[in-house]
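Shared between the two complexes below is chain A, which has chain B as its partner in the first and chain C in the second.
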Partner chain A sequence: MLKINGLKKSYGDFHLDVSMEVPAGMVVGLVGSNGAGKSTTIKSVLQLIRPDAGSILFCGNECGAGGSLLTKSEKEMMGVVLSDSGFSAYLTPSDVKSICAAMYSKFDKNKFTALCRDLEIPERKQIRTFSTGMKAKLKVAAALCHDARFLIMDEPTSGLDVIVRDHVLDLLRAYMEEKEDRSILISSHISSDLESICDTLYMIKKGRIVFHEDTDILLSRYGILKCSEDQYNEIDRQYICRRIKESFGYTCLTTEKHFYMENYPKLVIENSGIDDLILLMEKGENVS
Partner chain B sequence: MNIIINSSSMVPIYEQIVESVKKSIASGELKPEEALPSVRGLARELKISALTVKKAYDQLEEEGFTVTVHGKGTFVLSINNELVREEQMKELESDMQVIVDKARRYDISMDELKDLFRLVAED
Partner chain C sequence: MKGLLLKDMLLLKNNKKLYAILVFFAVMYPMMGMGSFTITFLGMMGLIISISTMNYDEFDNGNSFLFSLAFKRSTYVAEKYILCVGGGILGALLGTLVCFVASKVTGNPALLEGMAESLCVAVLLYSLSSSVMLPIFIRFGAERGRLASYLTLAAFFLLGFGVMNFLPDTGKDVFVSGLQNIPIAGILVRLVLLVVLAIFVSVSLSLRFIRKREF
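The block that comes next holds the complex of A and B.
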């Protein structure tokens, strides 16, 4: 669906250099700390900024640094939610409906109305009276109603409470279930969101992809070891990739927790979530 | 069919799904030729990655419990109960082998092990 190869963009001393792929039928997550380059990557794909170099293939068409502008039909294939933009505060969701229907040939007004009702968005109130959560829900609803093949979502769940987040994620899951060749590229800070929806994850740090793994492997094979200094020196460290010094010894990230469970039954081993992973990848020392 | 996933368990999620489906087949809750939920559908229900579900379905197919027809879905095969029983016995045998090996390593006699087994079995 989307293939990014050697995408480069520099802002002063910030250099982005990203290669990644969103295959058809997959939900791909983009994680990273603030300022790592997630939004820059997404904006490059949408041609909101001009990359310095690299190729971006969307459905086989080149639209990167040297490529052509996205055509209207290509734009209609995308559904987009950006983190720091929204609709004019003086519009009502009903106005948004008319505008989207004029912009997208396949926009389904009935679906939009049904979604608004489902998400408890009042159709006839001005957006300026909306809470953060209601604005975020409206953005997602607007992106889902024109039968897009590809959703690009830059932090669609930020600022939402647990219940609304779960609801939004369920909409995305339903979107994926409807047709097989749909894909989503989603960035988020909330790791539980990503764990529960993404099929594969890219982690970006200082403009570079530092980690790429399927969520399934991440949750089933990766783990956290907690060991004293003595234990650390004794164990076979071939499957340890990062460590952080602690008062009791070391916290380590392993790519094969079952190896350590079988061979060192006395070690404290925990399942690792995406939060642990980000922390260890950002702050841990490289062991190899 | 109800599948309950324990996400804090050390048992990989796909294995938990495989076990649940096998149990449902063994108990007759899932009948031969019945369709399993779609990959995306189950992923949505369980709030897990579709790849995890796919992996579980692949394993079920590999072990001969189901068959996947491309574009149609995954279906339960009619299975030979004796074969299932045999599989289960084999599985137990290999689990026990691990225990016996461990006992030898720790220098625990077979009689002690039998006592221990009785103790656990009575619980």
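The block that comes next holds the complex of A and C.
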């Protein structure tokens, strides 16, 4: 669906250099700390900013640094949610429905109305009176109602409480189940959301992809070891990729927690999630 | 383009208080015998209100999301020109209609004097103003565009002031006598061609600016 190859963009001291892929039928997560380059990557795909170099292939069409602008029909295939931008605050959801119906040939007004009702979005009130959560819900509702093949979502569940977040994730799962060739690229700081919905994860740090793994492998095979210095010096470190020096010894990220469970039963081993991954990749050091 | 025009119409409908004030002045000016002024005033307000849609687009970083929607950047430019030039012309036409109605209601035929000329001047002036302002707003954004517009207007004013006060009298005499030798229709045709050329150059610039702009 989307293939990014050597995408480069520089802002002062920040240099983005990213290669990643979103295959058809998959949900790909993009994680990283603030300022890592998630939004820059997403904006480059949407051609809101012009990359300095690199290629972006969307449905087989080149639209990167040297490529053409996205056509209207290509943009109609995308559903977009941006964290820091949305419809004008002086519009109402009813206005948004009319505008989207005029812009998108496949926009489903009835589905939008039903989603607004379902997500408790008042159709006749101006967006500027909405809470952060309601604005987020409206953005997701608008993105889901025009039969987009590809959703590109920058923190879509930000500002939502746990119940509504769960509901929105259900909507995204249902969206994926409707057609096999749909894809989602989603960035979020809420790791539990990504763990529950993403098939594969990319982590971006200081403009570069530093980690890429399938989510189920990350959750089933990766683990956190907590060991003293003596224990650390004794264990086989071939499956340890990152470590942080602690007061008690080391916290380590391992790619094969079962190896350590079987061979070092006295070692403290915890399941790892995306938060642990981010912490260790950000603060930890490589174990060569 | 339909979606963009609809968006702007829906945003503009929020200005009810402003429209009420405009209606008040639109009724008051003809009553005071200021027919021609009504035409130029409403034309100017039509242009300003239309251009204000760019403020709405930019407000709260809205442009990032707006330009991710399903339209081409060139369509955005086309829509703004249609809206702004159309807004100025529509305002001037409304002003003409108001004057016509006011002349019948008040029985004051003087309101109809110079109406056609005022309408022509307003249409040409506001089309020219749109062609100057729109590329500036597209290039610099609404906030900085406003400042750039004032500076551009100031530059035009200074140029005119400079020409009027520093051009030798013989130069001015030649220019004025040259104009007097051209029939009104000829002057009008030349002005229309000038405005068409200005709009053509303006659209070309706007398209270049919008393609390079980042959000």
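We adopt the following convention: the second predicted complex is superposed on the first by the 288 of 288 C-alpha atoms of A that agree within 3 Å, B and C clash if a C-alpha of one lies under 4 Å from a C-alpha of the other, contacts with A are read in each partner's own complex, and residues count from 1 in each chain.
We adopt the following convention: contacts are C-beta pairs under 8 Å (C-beta built on N, C-alpha and C of every residue); 3 or more make two chains touch, one makes a residue touch a chain.
Nothing here was measured: the structure is a model prediction, and the numbers come from that model.
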Combined model on chain A: chain C and chain B, fit or clash: fit
Which superposed partner A:Asp193 touches (first chain B, second chain C, both, neither): neither
Chain B versus chain C as contact partner of A:Thr215, first or second or both or neither: first
Touched partner set for A:Glu155, first chain B, second chain C, both or neither: neither
First, second, both or neither for A:Asp276, with chain B first and chain C second: neither
Spatial angle chain C-chain A-chain B, Cα centroids [nearest 10 degrees]: 150
Overlay on shared chain A, then closest C-alpha pair between chain B and chain C (Å): 28
Residues of chain A that lie at the interface with chain B and also at the interface with chain C: none
Sites on chain C touched by chain A in the complex: 2-4, 6-7, 10-11, 14, 56-57, 59-73, 75, 211-212, 214-215
List of chain A residues in touch with chain C within their complex: 43, 46, 48-50, 69, 71-72, 75-76, 78, 80, 82, 84-91, 95, 98-100, 102-104, 139
Chain B to chain A touching residues, read off their complex: 7-8, 10, 12-14, 38, 40-41, 43-44, 47-52, 55
Chain B-touching residues of chain A, taken from the complex the two chains share: 25-27, 169-170, 173-174, 176-177, 180, 196-200, 214-216, 219-221, 257-258, 261, 269, 271
